[in-house]
Amino acid sequence: MTTSTPGRDFILTLDCPDRPGIVHAVTEFLVAHDANIVQCQQFDDRQNGRFFMRMHLESLNSAYGKDALIQGFGRTAEAYSMNWRLVDAAERTRTLILVSKYEHCLNDLLFRRRLGTLDIDVPLVVSNHPDAAGMAAAHGVEFRHIPVTPDGKEEAEAELLRLVDDLRIDLVVLARYMQILSPELCKSLEGRAINIHHSFLPSFKGAGPYGQAHARGVKLIGATAHYVTPDLDEGPIIEQDVARVDHSMDPARLAAIGRDVESQVLARAVRWHCASRVLLNHGRTVVFG
Amino acid sequence: MTTSTPGRDFILTLDCPDRPGIVHAVTEFLVAHDANIVQCQQFDDRQNGRFFMRMHLESLNSAYGKDALIQGFGRTAEAYSMNWRLVDAAERTRTLILVSKYEHCLNDLLFRRRLGTLDIDVPLVVSNHPDAAGMAAAHGVEFRHIPVTPDGKEEAEAELLRLVDDLRIDLVVLARYMQILSPELCKSLEGRAINIHHSFLPSFKGAGPYGQAHARGVKLIGATAHYVTPDLDEGPIIEQDVARVDHSMDPARLAAIGRDVESQVLARAVRWHCASRVLLNHGRTVVFG
Amino acid sequence: MTTSTPGRDFILTLDCPDRPGIVHAVTEFLVAHDANIVQCQQFDDRQNGRFFMRMHLESLNSAYGKDALIQGFGRTAEAYSMNWRLVDAAERTRTLILVSKYEHCLNDLLFRRRLGTLDIDVPLVVSNHPDAAGMAAAHGVEFRHIPVTPDGKEEAEAELLRLVDDLRIDLVVLARYMQILSPELCKSLEGRAINIHHSFLPSFKGAGPYGQAHARGVKLIGATAHYVTPDLDEGPIIEQDVARVDHSMDPARLAAIGRDVESQVLARAVRWHCASRVLLNHGRTVVFG
Amino acid sequence: MTTSTPGRDFILTLDCPDRPGIVHAVTEFLVAHDANIVQCQQFDDRQNGRFFMRMHLESLNSAYGKDALIQGFGRTAEAYSMNWRLVDAAERTRTLILVSKYEHCLNDLLFRRRLGTLDIDVPLVVSNHPDAAGMAAAHGVEFRHIPVTPDGKEEAEAELLRLVDDLRIDLVVLARYMQILSPELCKSLEGRAINIHHSFLPSFKGAGPYGQAHARGVKLIGATAHYVTPDLDEGPIIEQDVARVDHSMDPARLAAIGRDVESQVLARAVRWHCASRVLLNHGRTVVFG
């Protein structure tokens, strides 16, 4: 949690084929642009020969703002065929939250945003039910009720996508949104949509995981935050956690305990994503926590 | 951990259809036999209308030893159609440990036995490999190498079962025994064989769970101790636990971290089983921890 | 989480000198009053020779309501010199929440109340700052701002005590109330006031625990929920938990992580207290979780 | 856990006043010596303006061995007034283990060494009691019994120090060694002696922490691995962990549960120290886990 100044602190993330000299080339660029390293994390995936890096840098020379740095880094990036991104560390992620009837994750996210421990702007909360309108209002956030009827689903998704574009949304969070998105929508949101699944994946995929967990008699229940992909519950996992349960607890109790885990896991995943700490690596994630 | 005196401390476990008066009937029996309750745990499975109880009682009258109490309780047990057991709390469980090449669970169990935190006698360690002979010797425990060849499996299992009978074994522990037992052997050991599976079941059943976990990119790995049943990895779960992992760890590192979880989970499961703290409830367990 | 019906489900808690026959005497009473045991937990403190029990019972005979049961149990209680209590399991605990400027625990408690996972009524939220008024309003809860000035403290406490009486408050929760209560107030609230301390007691008593934790370089930070007693941070501990931290985190980050632990620990402590699951035992607690 | 080749894989650790260009200077050196970065971790302590780094590098040019690299890096190190160290990543740490009567940590360390998950050589185990001789023998490790009598302490410490020198010991591990070392000995072992304390420091310093924990009624017990310093239990903390306990457990049970935590915490601390992952920072540690 290093405080960031707009136009002065930047986050550079990149991944590229591993080979000698990468870090040297990047620091070369830093020196040439009067930039200093605040924090740097690296991961060398030797199995796939790919290198990942996240660098928090501060510009010591006002002449080099975001655009100058982006332009300046282009040559280096090309030389090493990097997949990269440079963002202002103080920029807040424009986040659209999707919710159904369970509001615990929504409440948690909106409260952290208010506390300032989650660097997100929330231009809109969307739900297929009207229930969450009150909570959105209490947090001073716009709310839109978009019902999803059996044969109105396509239309609903179209409206959703329209909102994502109109509001320049960076991230869509499915905070217990109990609707299955179409493969098309998943595709178009790939890499910028996070879902919380209320089980420790790959255990108990699909519906009613707490009921499944109770039936199987597990001694721990969990939650999993992952990027949304067309194949359900198979997206890259960002974060997971568990809580201990016992034989005396019925599915309702498991669900109550699970809500805490879901809220925490989702909040961590969103925080890391918004801080550019999550990089994709062949269906898995590199998390520079 | 209440110390127990032979012939004075007893554990009574029972389960029966739930109805009023059960505890009263049991305490009636206690009063009539000058016995006192040291510890009592109960669980009322309202879903299935079944009642479970574990009672640690002490006999205040030497006239009432184990046999007298067992005989005396018969009538009560019958009246409530109880499935029950009364054992001397100081009796040590005669345990046969099965192991292959990984010795961490074996080392852990034998060391806890030596410390006295695990109330087991280990008349024999059996392995399909000779490797563990040294460790058994170091702990002063008999070791038998029973190779399992593709077409010698039946014979090997027959010998194993013979040993279980000859040595009056109460519990068989599969401490990373990398052989699949035949349905027949599983049946004949039902309720008295505990296996440690190196994953958080039902995730990653079958072989190579750490490789599967790495491929899926989970953020926690786990282990599961369960009773052995004919259908593999589906037996009633006694205990589970997890450890945190990250993207930088290869399958070998996951396995190394997992070994600690496996040892601890198996040790807890064995300890609870040997203290009559685990009751079966339709494919699940009631654990009076 | 067994659902309770008013006038039918009751919780009996008791502690008394240990001796044979206690449970039998209690079940005698149950049989005589057509009551059934739903759940029963016991603890025999052999060190101090004291017996503790919590029993969830259901009355199968409408003739025996709360008053009848209380009257009926009197004789048994006297015979065993029990310290006891019998309450309607469906009764909600009237809770007054004290808060200063940090609202995370308040938000957490009020949200759980709304979810129905916390069986409390909150007639009033009191703060020495006006900040929390909005959140109370959002949850439809009364808010009272009682400033505490250096020489107005006595008066403020008097008003607080008056509110506790007028509103028939059962429990006072100090949800990060940054004021030290006078010994007199602590005394008069003994056993019915819970405080959340933002450290793993007995580590880092007093002010600025996260700063202390950072200075000491601990690898885990924690929170402790305890009953309020005249000697600060020394009250009987109800619940504790921790979260992992590392060298890269400054005190502000520790505090942010700590907030989650504080909220969860306090919520569990309040839930257990309100379910009569916490009994006092010489400066320590027996928690029938 | 990246496998290392002798003479090819090296670990460079350094700390120095923070200023721009450090990483660039280091990578300059790497490029000039045909070395590649396998892993790099950094920490910028903005509060104290100090920079810490651990780099796992591989030499791609056999002309540059350990000595050449050390000599080559000297100039860079000087220019940035670095406190630094470069070691062969495959070198095993020569470790002397001190133990008294509790053998669980000793057993754990020796077993991990055998598994190869702990890169240590153990030329000698020393104890003030003869008890551990058998376990050392079972692991094929030398054992020396050095009694510590009230007035023979000085002599015993002298012998210990002699052994440390004669055996070229890199690290001394106090694996539940129940003797207080003299300030002189602590001084001369500073930075190369790790102790496991059986409590979650700073809670319950000194003797009988489990008794203290039971008396206070805490709900979690812990263990702390720290560097030995003249002021007892105040050394820089390397690692800590906890386990959940409850009211039903007596001090003996707490100690039994604690043993597992102690073993794991100590093993992690030793592993990190031996992998040059622990750097000192004003009485605290930077752990590049």
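Order as written gives the chain letters A, B, C and D; numbering starts at 1 within each chain.
By definition in this document, a contact is a pair of C-beta atoms (placed from the backbone, for glycine too) under 8 Å apart; a residue touches a chain by one contact, two chains touch by 3 or more.
Going by UniProt, the chains are A, B, C, D = Formyltetrahydrofolate deformylase.
Just so it is clear, the model here is predicted, and its values are computed rather than measured.
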{"item": "Chain pair showing more contacts of the two, A-B and A-C", "value": "A-B"}
{"item": "Repeated interface matching A-D, over half of the contact pairs identical, chosen among B-D, C-D or B-C", "value": "B-C"}
{"item": "Most distant chain from chain B by Cα centroid", "value": "A"}
{"item": "Chain A-chain B separation of Cα centroids, rounded to whole Å", "value": "42"}
{"item": "Computed distance of Cα centres, chain C from chain A, in Å", "value": "36"}
{"item": "Numbers and ranges of chain A residues touching at least 2 other chains", "value": "39, 43, 248, 250"}
{"item": "Chain B contact footprint on chain A (complex, rising order)", "value": "43, 47, 200-204, 216-220, 222, 236-242, 246-248, 250, 281, 283-287, 289"}
{"item": "Partner chain D, residues of chain B touching it in the complex", "value": "1, 39, 104, 107, 111, 115, 117, 138, 248-250, 252-253, 256, 259-260, 264"}
{"item": "Interface residues, chain D side, partner chain A - complex", "value": "2, 20-24, 27-28, 30-31, 34-44, 46, 60"}
